[in-house]
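Have a look at this one.
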Amino acid sequence: MGKVDFLKDFRDKEKILAISKLIKKEIDRPINVMEVCGGHTHTIMKYGLKQLLPQEIDFIHGPGCPVCIMPKERIDHGIVLCQDEKNILVTLGDMIRVPGSESSLAKERSKGKNVKMVYSPLDVLKIAQENPNKKVIYFAIGFETTTPMTASVIEKVLESKMKNVFFHINHVLVPPPIKAIMESKEAKIDAFIGPSHVSVITGAKIYKDIVDSYKTPVVVAGFEPVDVMESILRIVRQFKEGRREVEIQYTRAVTWEGNVKAQNLIKKYFEVRDEFRWRGIGDIPFSALKIKEEFSFLDAEVVFKDILPNKPIDDHKLCICGDILKGIAKPYDCKVFGKACKPENPLGSCMVSSEGACAAYYKYGNLEVYKQ
Amino acid sequence: MCLSIPSRVEEIFPDETAIVDTMGVKRKVSLHLLPEPVDVGDYVLIHVGYAITKMNEEDALESLKIYEEIVKHLEEESGE
Amino acid sequence: MKQIMLAHGGGGEETQKLIKELFFKYFNNEILLSMEDSAVLNINSKVAFTTDSFTISPIFFSGGDIGKLAIAGTVNDLSVMGAKPLYLSCSFIIEEGFPFEDLEKIVKSMAEELKKTGTLIVTGDTKVVPRGFVDKIFINTSGLGKVVYEGVSAHNLSEGDSIIVSGTVGDHGVCIMAQREGIDMQTDLISDCDSVWTLVEDLIKGNVKIKAMRDPTRGGLSAVLNEWAESSNVEIEVLEEKIPVKPQVQGLCELLGLEPYVLANEGRIVVAVSKEDTEKALEILRKNPLGKDAQLIGKVNSKGKKRVILKTSYGSLRIMEPPAGEILPRIC
Amino acid sequence: MKQIMLAHGGGGEETQKLIKELFFKYFNNEILLSMEDSAVLNINSKVAFTTDSFTISPIFFSGGDIGKLAIAGTVNDLSVMGAKPLYLSCSFIIEEGFPFEDLEKIVKSMAEELKKTGTLIVTGDTKVVPRGFVDKIFINTSGLGKVVYEGVSAHNLSEGDSIIVSGTVGDHGVCIMAQREGIDMQTDLISDCDSVWTLVEDLIKGNVKIKAMRDPTRGGLSAVLNEWAESSNVEIEVLEEKIPVKPQVQGLCELLGLEPYVLANEGRIVVAVSKEDTEKALEILRKNPLGKDAQLIGKVNSKGKKRVILKTSYGSLRIMEPPAGEILPRIC
Amino acid sequence: MGKVDFLKDFRDKEKILAISKLIKKEIDRPINVMEVCGGHTHTIMKYGLKQLLPQEIDFIHGPGCPVCIMPKERIDHGIVLCQDEKNILVTLGDMIRVPGSESSLAKERSKGKNVKMVYSPLDVLKIAQENPNKKVIYFAIGFETTTPMTASVIEKVLESKMKNVFFHINHVLVPPPIKAIMESKEAKIDAFIGPSHVSVITGAKIYKDIVDSYKTPVVVAGFEPVDVMESILRIVRQFKEGRREVEIQYTRAVTWEGNVKAQNLIKKYFEVRDEFRWRGIGDIPFSALKIKEEFSFLDAEVVFKDILPNKPIDDHKLCICGDILKGIAKPYDCKVFGKACKPENPLGSCMVSSEGACAAYYKYGNLEVYKQ
Amino acid sequence: MCLSIPSRVEEIFPDETAIVDTMGVKRKVSLHLLPEPVDVGDYVLIHVGYAITKMNEEDALESLKIYEEIVKHLEEESGE
């Protein structure tokens, strides 16, 4: 370790308690902060940060978990693709437990279907080499952070002329859902904590438009608890000082321009979709990517078009995730919360992963410290 | 989104890969997405098997300085 | 005999040969050698009885193998009930084609682990199943122990009791996780896999009043504490910074988005003792090499909450969630 | 919960749910419900201890299933040592995706079989392994019994002793063999799978001097008699025409070139009694429905031969070969 | 059951003891009887028939077990063929445990190679249908009895135009090895018991040439103990009466002409090989069959020619199976009998299956009744 | 060579197959190699899943008659 311990130095108790005091001292109005990214939600919960903040700060958990926002019809695509024993469907981590309309990839795997969970998209190449007689389909998920890895794998597939790798692209973009939420007149969001690692790739520049359009501060924050606390302080100060800006708190990793090499790789292979359906929010124009037409021979949605269903599946009628995302409702307001809708059997996106607002309330709801 | 963790570069290979160490856990990662060259001893952020950026130590120190000042300031204020 | 064949499980000549030339060689004791349908034992006291099937993959891991684990696991389940482990049964399910050499390695490491506590394998069974019907080898051990300390129970916790762990948590889980297909991470960590009877014996001999005791295996520390909270109808409060966690365990957890508290341990105990006995218990545990990292990690708070609270170093609280679902790397 | 998933074996919430909603429902007893790491038992006498893993395919067969078998098998290994079966452990290894419905059927049939002897499952374990890591389901049961009749041993045979079987041989083996892949034969035969404790109890209560006793499972009658000849250092002579064999068993043996004496039984006992007790033993056995076809099949001939001789009805002799190798259909 | 119980009536104690007495009464010279067929060897052993016969009758176990006489190099073919994971090797019953030069099919199966044991060759079709992407190779073994079944399967493969079934033919003929043994001047065989079910197919006519050439009686016998006893009686009487004839004892199943339909099917698809190597005997001209050239696209020896080894593997130097088959040596005369050569690790053909002379002596040798 | 066993024809199907019974064990076999037609109740010899011949009852009875004569003859001889 050099002069900085990149973990311990940003988890330090003394610093956190000091910033906590300062925020309590300086805050002069209630602020609804949306942390867009599930990673931040996780930090807030894991370290109990809400308890260290004044009542005036309320968190609204944003649509920033690629697992939670995946619409059922796309998961159904994965399920259809793994039915053919000549295919191997590969995806990342806990994606496999998200329910589609009737099953999940984990359930299909348990029935003997070829579903593989990998830690890195690079393993797709290894699986394809080991299974030359199978069609290996990478069910790609993730925001801007994870997109360049898929582009990198595409590049390697093309270079090595592998013929048995295909891509089902579910890469989504951060700004469009923020805008979609803000476009609703009812949205009660005053400021944003900008995602850490999305911003490493895209640069902080992508949030400028949001500040300009909605006059909400955006602070790009690191994932450590000190980072989040400092970011809240910065938001408090923007309001205090009447500023509305994009600020980078996470300066040790994020720049205004971002990782241009990665951005170029994305541009090389992907283009923006006209529309993508987000679980909990609905159709959002230009909110996701797809493979460019010139590489459509790699695109599972093209190659397997004939077998893939394309009827959109509506969110559950009683689900109010949309309102929760806008900050105008809390999970308790939902009629089916904790009854028909539970983490084992989520009806809506906010219950899908442990970072979802409803899942969090379900698990922690009985802990009075959270209701302080 | 995007679990990622600063890790120390331990060994660099000619094929754009490196061994990195995260608190004693070693893993081979790809450097294919890194815009800048790295050296052994540098810290990089790793996301799903790829390094995505070099950690900027100067900026980190800058941040740490700010925190120290906050701590000091509050200590003074709460009357030492 | 380079490979195990179906015939080795057929109950015929080859089975007899395998039993006599391998199992008897390493598990040599008079009761086993009598080769009856059951072993006949004289215990003369209350008997503790437990079972576990071991299906671990990989079967050889840093710090142990499935054989060592199969002995330690059952010895530990007896130990944490205050029972001195005496006799084990041992049942192998082996995949046709399994290398004899590997089987011998496993059997040898079982024999070594047995020696630590003087426990004997007195009855056994061997099945060989066709290729693809089992993943290499599964081992079941069931165990009998003489209850030398009565009244240990998950139902016994009451306000003020101290919660102690005998060492770092998650070591075994990380060793296994790191070697999982699709993860492939290297650490110099070794599994904590070990027989904890001597630790328990030390506590008993030291006259520590043990209220509850468990080996935090599958589901880890969190499973034990949540079960205790549930069974004893209490709230348990744990100080996060007191839980001993090795840096490599922390590292893998950071990389995969996991909590060390849900990872398996195979050579640790969690003990609840009354407040007065806390210091004595810690002292006794730390004298034994198996308990050198023992820590007081928390206490029983109050009646009626049935939950485990984790207090961060910042003073904030959260729930220590009971483990649920398959352990999968997080994406977010 | 239509299918068993990996999470059901993870030691977390789903495991707890499975245990409570399925296993406790059928294996309901206080000791098991205490859910400690070991069951604590009071036996107060010599204890018989045995283990077996059950890996049978198909798991449902005519006359039983793997669950019934797992109980009867261990109950029988205790019984034939003169021990009253009291407590069992039960460890499941289940393949991810296994139908919950089938598991419930198996657990239910275990519960039914337990009732026949009043035996309790007091400790258990559940592992779920990924698809392809196990063939559907394996069950290990280990058993504890109170030794009520001492001195039964394979080493006890002496000249003049009578060899008795409690019923027809090979029924279970044929049921399984007929359903094997590539054989596909149909019979109306049902497996003899059953708990033999009442038979043993009747003999004990009837004051029959039991010298040796065994349940002729894998390896069949031949394995038992050859082991006895070996252990007791005697020659055993069996009259071929006295061995009770059902026509369907004979039929399958003729078709595949097998001998009924090497086929498995799961509800029979072979008993060696002194000559004087022969008639009494037969009478007692035949009174019990499980022993209605009991037959005196042979006797112990003389010291020192360590072999089993089969006398044909024509008076010619041959060796009853000990089983060896996998049982394969003969070509010649 | 009609008027005849085809099993019990031919296993009847009274009849057997009566015939036994009659033989003892009538025999007037020592007779070395070769039972050609392993099935008869089995009957003789299972029912202890030697003990019911006079000392003058000695049995010589013939080369009539298709498993025992299979030369190692042919088993090696099977082993080579199952190495490719695109192949499935199918064979009958206990063939899988016979050792080749270094392994056996059972050992390969235990290593995960695709070896399947079937009860009926018909199952080959089922396996091929269920595995359309695999090449299913039927490793066909057996004498004239089992050959028509292979021909029947070939016919069905051609009719149904299946493209993934191949045949490795190891069908051998009964008369050539008998002649090969008798051609040796030292052979001490006085009479033959002719195979039961080979003769059902071929008819008894195939033995005429043997009687004519070597002046030895041949009695075609059934497999039941009464059949064997009666056949011995018939042999004794032939000698007594100075006759040397082919007689059919097994009249309820065997005719002079045999099953002509089956014979024609054999002729349709098979032709005689120039030579085949018999374990224990060596090369015998015209002693086995192969697929006719016009169907060579089904012949695994043609299709997989490039990967199949063709170096013959000599019998073990010390093995005297050849002499045992000729009746001029007994297993005890072999230096390695029971030492280097045991049933678990047979060095020669006579030790391979339990019907082999050496295996029989090894297992029953300690039972004094067999040495009466 | 050639394990084979007389079995009773139980049911005949149009596709040249039949169910046969061997002492209570039933199996589907092929009639493809049988040179003559069979009826339910006939006995056939089965080898590896194929019927190879119909058992000739008359010839069997003939054999049995011979054996009976032998038995009778010997009984008489051994002085009854």
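Chains: A, B, C, D, E and F, in written order; residue numbering restarts at 1 for each.
FYI, a residue touches a chain if its C-beta (ideal position, glycine included) is under 8 Å from a C-beta of that chain, and two chains touch if they have at least 3 such contacts.
Chain identities (UniProt): A, E = Hydrogenase expression/formation protein HypD; B, F = Hydrogenase assembly chaperone HypC/HupF; C, D = Hydrogenase expression/formation protein HypE.
Not measured: the values here are computed from a predicted model.
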Handout entry: Contact-graph separation of chain D and chain E, given in steps at minimum
Key = 1
Practice task
With centres defined as the mean of C-alpha atoms, identify the chain lying farthest from chain E.
Solution key: B
Handout entry: Greatest separation from chain C - chain, by CA centre
Key = F
Problem - Geometric centre distance via CA averages, chain D-chain B, whole Å - result: 63
Practice task
Quick one: report the Å distance separating chain A from chain B, using the average Cα coordinate of each chain.
Solution key: 22
Handout entry: Distance from chain E to chain A - Cα centre to Cα centre, in angstrom
Key = 71
Completion exercise
dist(centroid_CA(chain B), centroid_CA(chain F)) in Å evaluates to 85
Exercise for the section: Could you check chain C for residues that touch two or more other chains and list them? Expected result: 5-6, 132, 184, 254, 256-257, 324-326, 330-332
Handout entry: For chain E, residues that touch 2 or more chains besides their own
Key = 7, 37-39, 64-66, 92, 106, 119, 123, 142
Exercise for the section: For chain F, write out the residues touching at least two other chains, lowest number first. Expected result: 1-3, 5, 23
Problem - Topology of the chain contact graph, where touching chains are joined (line, ring, star, complete, other) - result: other
Handout entry: Touching pairs - complete list by chain label
Key = A-B, A-C, A-D, B-C, C-D, C-E, D-E, D-F, E-F
Completion exercise
Seen from chain E, its contact residues with chain C in the complex are 106-107, 109-112
Completion exercise
In their shared complex, chain A is touched by residues of chain D numbered 3-6, 96-97, 130-132
Completion exercise
Residue positions on chain F within touch of chain D in the complex are 1-3, 5, 22-28, 46
Practice task
Name, in rising order, each residue of chain C that touches chain D in their complex.
Solution key: 5-7, 9-15, 34-43, 46-53, 55, 57, 76-78, 80-81, 83, 87, 89-93, 122-125, 127, 129, 132-135, 138, 140, 142-145, 147, 150, 152-155, 214-215, 217-219, 223, 227, 231, 262, 264, 322-327
Completion exercise
Per the touch rule above, chain D residues touching chain F in the complex are 178, 184-189, 246-248, 250-252, 254-257, 330-332
